[in-house]
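Before anything else, here is the set of structures, which you'll find just below.
Consider the two complexes below, in which chain A is the common component and chain B and chain C are the respective partners.
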Partner chain A sequence: MQRWKNFLQIPKRINISPRLLLAAGLVALFVAIPLVYIFFRAFTGGADVWIRLLQTRILKLLANTLLLTAAVTCGATFVGVSMAFLTERTNLPGRHLFRWMLALPLAIPAYIGGIVHLTLLRPRGGVIPQLLENWFGQPVPTPSPLGFWGAAFILTLFTYPYVYLLSGAAFRSLNASLEEAARTFGRNNWRTIWEVTLPALRPGLTAGALLVALDILSEYGTVALLRYETFSSAIFVQLSGRYDRSAASILSGILITIAIIILWGELRLQGQARYTQMDSQWRPASLLPLNRWKIPALLLVLLVVSASLLVPVFVLGYWSLTALLDPETLSSIMRSGSQTFGDYIWHSLWSSALAALIAVVLSLPVALLSVRYPSKLSKAISRFTQIGYAIPGVVVALSLVLLVNQFLPFLYATPLIVVMAYVLRHMPQAIRASESALNQLSPSMEEASRTLGRTSLQTIFQVILPLILPGLMAGASLVFLTSLKELPATLLLRPAGFDTLAVRVWIWAAEGFYIQAAPAALLLVLASALPLYFLLRREQIFK
Partner chain B sequence: MKNSRKLTILLFVMMMLVSACGGGNTVSGEDAAVTEPALPVGTEAPVVVADESVAGDLVIYSGRSETLVQPVLDAFQAAYPNVNILLKSGSNSELANALIEEKANPQADVFITTEIFTVQSMYQQDVFQSYRPAAADQLPAEFIGPEDSWVGITRRARVIMYNTELLGADEVPTSIFELTDPKWKGQIAAAGSTNGGMQAQIAAMSQLLGEEATQEWLTGMIANEVTFFGGHTDVRKAVGAGEFKIGLVNHYYYYLQLAEGSPVGVVFPDQGEGEIGLITNATAAGIVQGSKNLSAAQAFIDFLLSPEGQELFAELNYEYPLIPGVALHPEVQSLDEYRLADVNVADAALNLDATLNLIETVGLP
Partner chain C sequence: MNALELRNISKKFTSAKTTAVNDVSLTLRTGEILALVGPSGCGKTTTLRLIAGLERPDSGSINIKGQLVVDDGHFTPPEKRGVGMVFQDHALFPHLTVFENVKFGLKGQPAAKARETTYGMLKLVGLENFGERYPHQLSGGERQRVALARALAPHPVLVLMDEPFSSLDADLRHEVREQVRGILKAMKATAVFVTHDQEEALYMGDRLAVFQNGHLEQVGLPEEIFHESATRFVAEFMGDSDFLPGTVQNNGIQTELGLIPQKLNIPENSSVEIALRADDVDFDQSDHPNALVLARFFRGAHYQYRLRLTSGNLVHAFKSHTQLIPPGTSVRAFISAEHQVTIFHNGLAVEAR
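Entry: the complex of A and B
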């Protein structure tokens, strides 16, 4: 979440600190190695493997992946913007409550939402088709949650909050004078929105949409569950099916290339999105009366909130209760080997927390460099370290399996390799949060500290860090939140006995034992809701 | 919003408490989900005197569905209370790949699979070390790996299960080749390409019939709009609920569904003149080279082949014990009545690779 305020201070040109540059460079190197290694493996993959893949897989996977990414991005943008519009700019009843409920699906990993909707909607066997059949006395055709449309539907439901949050913030910060001017020129309310408001939001919206697109490219659990094959799931199958790693490397190389193109677009837009408005003249835009559209609008919001939040949480709660009340089911979910349910919770919490801490620490030199010493080089390093957004979890896992086992065998099959994957994959969130926190800190504080005789390191620890701590916490929360739900990397990298909540959900759900999967899933959702709550409060979106 | 925040925190704390309590009291051994009329572990089996001399971490890679292996791990744990079992569940091939990757840096002590091709292929890759349990002398020769690299544990058959409310016993296909008949279009469920049992069936068919005929069968299944699930539990539940008339499963999934009270029947297929016979396979286990806890690994293999271990598989999961003298579950039909397909596992690695190529070529989901 960016704050669209332009900062008037021009940083003083100081000679770049070599130590800082070294530290930031090392972080960039850490991020780069897996990427470079995968490309190397892909291009040395051997012509026969390339030919086999080209003949059988690549075109179909490419079409499947791009189609799903495009559909979900469009769907999430549409749902996100319309929900933001209704809760921010109209007199929708209960909009203060809906603001929360529309953001909270971020705490539900899409594969868990998928499990719930699959059980409800599966053709013939699902709860809803069976209810309808009993009702009407004959089977009623219902939309299937499987395949392309199902995957698009479910992924839209659980990714629209990205767009919703970004566009909600944009709607709120939009100046009333802009729309008033449009009306002065004779536009009615709806035309004003269409011709003035939405275009003004475009940079932020597109950035949000591209984040959704990156998310879909790396999605594994949902597409595997709904049996729609994309690059991510195909890589997983190759990686777990064949010892020959070249096929997996080749598919990964192509997937990363697509992701980098999208990321590049997103980074460009991030730059342009600094939409300028003069603070002194800012007034909130007025609310639009819905009038006769009030009921349909309310129903629409209720529908989205139900499908993405209320129904999944209710169903998970019901299943968990069923599981907890049945002693036999309870005893079966409590153990795996000698491990117990408490171990899964503990593994999830500490690995995600450690990843959050490391990611924030590593983000500091990069953020300091790019904010305090702006130059082509520092900007390039900052951009480069955000490459993790473009490396799906399954690719991170592939590169770490290959690299660590070869060069750092003592790290292999320890929980630390899992943490390392989380850091690699989620560091961009920490970097963005740290940069935005530093951007809001005036350099004069540091100058005063240096003038008073502190060294640069003392200044960092005694002045900068305490001041930007809340911003760093936000970054840490984001990394924690996303690490908690990370599935493919954890599945592939976990040492024996190191199952996390996400892994347990998957092991049960992949076998069709949804009730057994529910308690871990519910806990995962609740554990994600806490940091999310903190983030939403901090963003001052919700009062 | 204050209240909802309190509620969230309260719920979270409650869940933690419940799970913490539950975690502490889980000594009873059966698994509810799969075995409704389950026998508590230890009621039928002879009382085992706990052996405290075997201790330490025992890392088990298991390709078996966790519900089906955990009761046995619990019983082993009861017999060897000082062993700390670290289980990694996954697909046969996923774990096999991990084992190959880890050859220079071994992590696992024991590998359990749902079929023999994978363990044979692990033998060919030098992943296993030799161990001949005392009970091996009682095993049929085809269930002992070369150089005692692995042992078979239980046997299972690939059968056709059907919903008796939707299909009369005389209408059910008696051969897996009838499943490609267009009259069953959209009415069949099976496990998909990532499932070990399905992979092994394809490998066995390639060997019996040749690759071309197998490919034809697979494309026929896909053209017939067979629904491929991730695992057999989905298949049996869907057939039990009447979502599908027919399911292609391992035999015990039929019995597990029957035990849940569903109207299901079973056919042991391909028994006619000129047909290939019943395709069977066996679960198997081996000790990994470089195992860091050999005594625990050997104790575990011994336990799997002990009467107690074999009885657990037979009683809780309706499998065919490989050790003679261990009784079948009373409801299970003996394999003696059927003609079995003759599959040779010697070239397993070659078979598995060809199978994966075949799966990719036909695009099996």
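Entry: the complex of A and C
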């Protein structure tokens, strides 16, 4: 009891505004909805369903999911860190260009990359096996993109940029003096990297790796495409095909529990990770000469860039051109049923933009509370509102389907429920952006405004908001970007006639019409590249 | 009427083990500049923030111009206190021009009057041609003056300054502080000025308040603080004093450097410490040395010598350039002060009998 009292005690400071606390608390309640409801449904799911699932599904799914998550996390960390090292710390030729090319795959949703690679590599009828067969006159065995290895390969290709960006920034922000100090103690270049640089970056890198892990746990499109069954795809099937909501809830409960454990680790590390140690004394560390490793390193980077960026973009571009030049394909792209291509674009844009706006507005009270009034309570609220990272799109969709049917039937089958899913799922990105923007704002700005006669509310509007606007825009761009790419929740929640670009790409590709899907996919990639470009320009390494 | 009254103010931060401000009482007359000085972490900045209303005290009360602004049951928020504050990092709003920054505090005035006041303030600080610039286009000294103009523009009853010169280079600091003191005096402003620099405090303050560990050690005129330090800490912090042990006798104080003929109001044989500054000590070369020259420092107008007495105690002495005594020389040190020296018993100054 005493512990709870301490926890809830508000430190005696000026103006810890009860209004702000209330607003932040309401946001926390809002994001808690799917979590609480899924757990409630999972525990009241009925013992028979539990037993049936335990006997038939759960162990297999658990093994599949954890295996894929571990493999992709390791792969993405290895690729991300080594690419960051090569472009930031060595004299790799063309490294300024490679910096961009290695970050840009973030604009390609993994399932679109998966569609491209699947079409190229599929064992029967894939472009490359076909070519080889024509060439040699007989079938040549090629690696299959289906199943575990294919999924691990493709997801690694499209998630390593998370680790790449974090470790690139970390490599840059590390002060040269740290490595110089190590060298004065008799370490050579490579031992310094191994003994000083990498350990110094470890908390940040681990946090990045855990973000990848969360991403894989919630991934639906790619694993469904490559026919590798994980919790996410199993829940999707239960929900869309069999309509067994109790089973779906139980599987979701287990999935969220795993994700929450990973998120908890990530949040703990966030506190220790310092990506920027830049002060006025900062100097970039010197570049290491690659010497005879120059050619192999260059080939390695080219390989990663080709597989994750050049090939997908080139193939999509080629298909798009083919589609646009063929009148029949073109007309089926421009209109299917009652919807036109313009509708898909419009649906994608407004739902993602509205979600970005709502997420940023909701993030403000939480960020203000946790940055300006640090206490155990405000920290707990801030961490709790990041729960969206741990709730996969299929689970958000499941909880909204169940909840809205029961309590808000007028919302059901409206696009607003899709927007709500985006907000719930992507709010953490807005909260982190708002918190980091506020952290960079000196508290004396607000204090100056107060001593010049402004109330705390006036200060927020006249001083804080104008100054953190770029940071808020960054958060909004992130939410926009990820909402644009969102697939499973949109598939499950969209009302009839509300197809987005992502949904259309998926439906066409699932029916085997790759050429037809290409223009929408390319447009989605380009539309994602724009906010990504804006975000990358804010980073030190992309100036 | 006093412009400011602090009564028994205490403040402890939840995260800290020690009390930041411990039972501090102060008064400030209208038109006076009070310098709060002490080492970092002594509570001077917290005291300033308590006056501004940026922190709330645990106990005690504050009156500004006769108006109660805080006590146990009442708290006036900073925006209602009518104080102006100059921040350590200046806290100029980067999204506003210099002119808009200075005008920021003139909300509620008719537009024409606010513009006129702003222009007048910019003129006073010599920046009338800088109104359209943004803070990042200014030098450190100019930013400092904008911050001051912004704080002064609403004609606050009290100006609070938190180490306002600490971000400036040493040579600029001297120039700016002279300007700032001139401006404050021209406006007849009442001001509280926080610094950790003794010399700056002596220059800026009409009176000084010396803090240590959240306690107020002494309040007084610069001369009083310097020559009549109330505690050993004040003498050490404000005057770079050395402390020589001595014993009270009937006719004075017996020390290693001879008898000091000052009679004290405490029992004989009590041990005391005598505060000695470099200008209180002199030495010559003699057959009966009692000290060794350890080091010599060039101080511009003169040399400062560090002497180790036979007992091991260190004292410092100034000498002109005419003599150059190399380190390692044995010398005879003596007290050359022509005024009464300050004497401490258990850390507190002892009154003469």
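FYI, the second predicted complex is superposed on the first by the 521 of 543 C-alpha atoms of A that agree within 3 Å, B and C clash if a C-alpha of one lies under 4 Å from a C-alpha of the other, contacts with A are read in each partner's own complex, and residues count from 1 in each chain.
Note that in this section a residue touches a chain if its C-beta (ideal position, glycine included) is under 8 Å from a C-beta of that chain, and two chains touch if they have at least 3 such contacts.
Fair warning: this is a prediction, and the values are worked out from it, not measured in the lab.
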(message) Quick check on the superposition: with chain A as the shared anchor, is it clash or fit for chain B versus chain C?
(response) fit
(message) I want to verify one number. Taking the Cα centroids, what angle sits at chain A between chain B and chain C, in steps of 10 degrees?
(response) 160
(message) Contact-wise, after the overlay, does A:444 reach chain B, chain C, both or neither (first, second, both, neither)?
(response) second
(message) On the A-aligned overlay, A:170 touches which partner chain: chain B = first, chain C = second, or both, or neither?
(response) neither
(request) Using the superposition on chain A described above, determine whether A:71 touches chain B (first), chain C (second), both, or neither. (result) neither
(request) Name the contact category of A:466: first (chain B only), second (chain C only), both, or neither. (result) second
(message) Looking at A:454, would you say it contacts chain B, chain C, both, or neither? Reply first, second, both or neither.
(response) second
(request) Count the residues of chain A touched by chain B and by chain C, then name the partner with the higher count. (result) B
(request) Please indicate which partner A:251 is in contact with in the superposed arrangement: first for chain B, second for chain C, both, or neither. (result) neither
(message) After overlaying the two complexes, what is the shortest C-alpha distance between chain B and chain C, in Å?
(response) 27
(message) Can you give me the overlap between the chain B contact set and the chain C contact set on chain A?
(response) none
(message) Which stretch or stretches of chain A touch chain C in the complex?
(response) 11-15, 442, 444-445, 447-456, 463, 466-467
(message) Looking at the complex, which residues from chain C come into contact with chain A?
(response) 14, 52-56, 58, 75, 77-79, 81, 83-85, 87-89, 91-95, 104-105, 107-108, 150-151, 154, 160
(request) Write out the stretch or stretches of chain A touching chain B in their complex. (result) 52, 56-57, 60, 100, 122-125, 224-225, 227, 229, 237, 239-243, 320, 324, 326-332, 334-343, 345, 401, 405, 409, 412-413, 491-492, 494-497, 507-508, 510-513, 515-516, 519, 522-523, 526-527, 529-530, 533, 542
(request) Under the touch definition given earlier, write down the residues of chain B that touch chain A in their complex. (result) 1, 5, 8-9, 11-12, 15-16, 18-20, 22-24, 26, 28, 30-33, 38, 57, 59-61, 65-67, 70, 73-74, 77, 83-91, 93-94, 96-97, 100-102, 104-105, 107-108, 192-194, 228-231, 233-234, 237-238, 241-244, 353, 356, 360-361, 363, 365
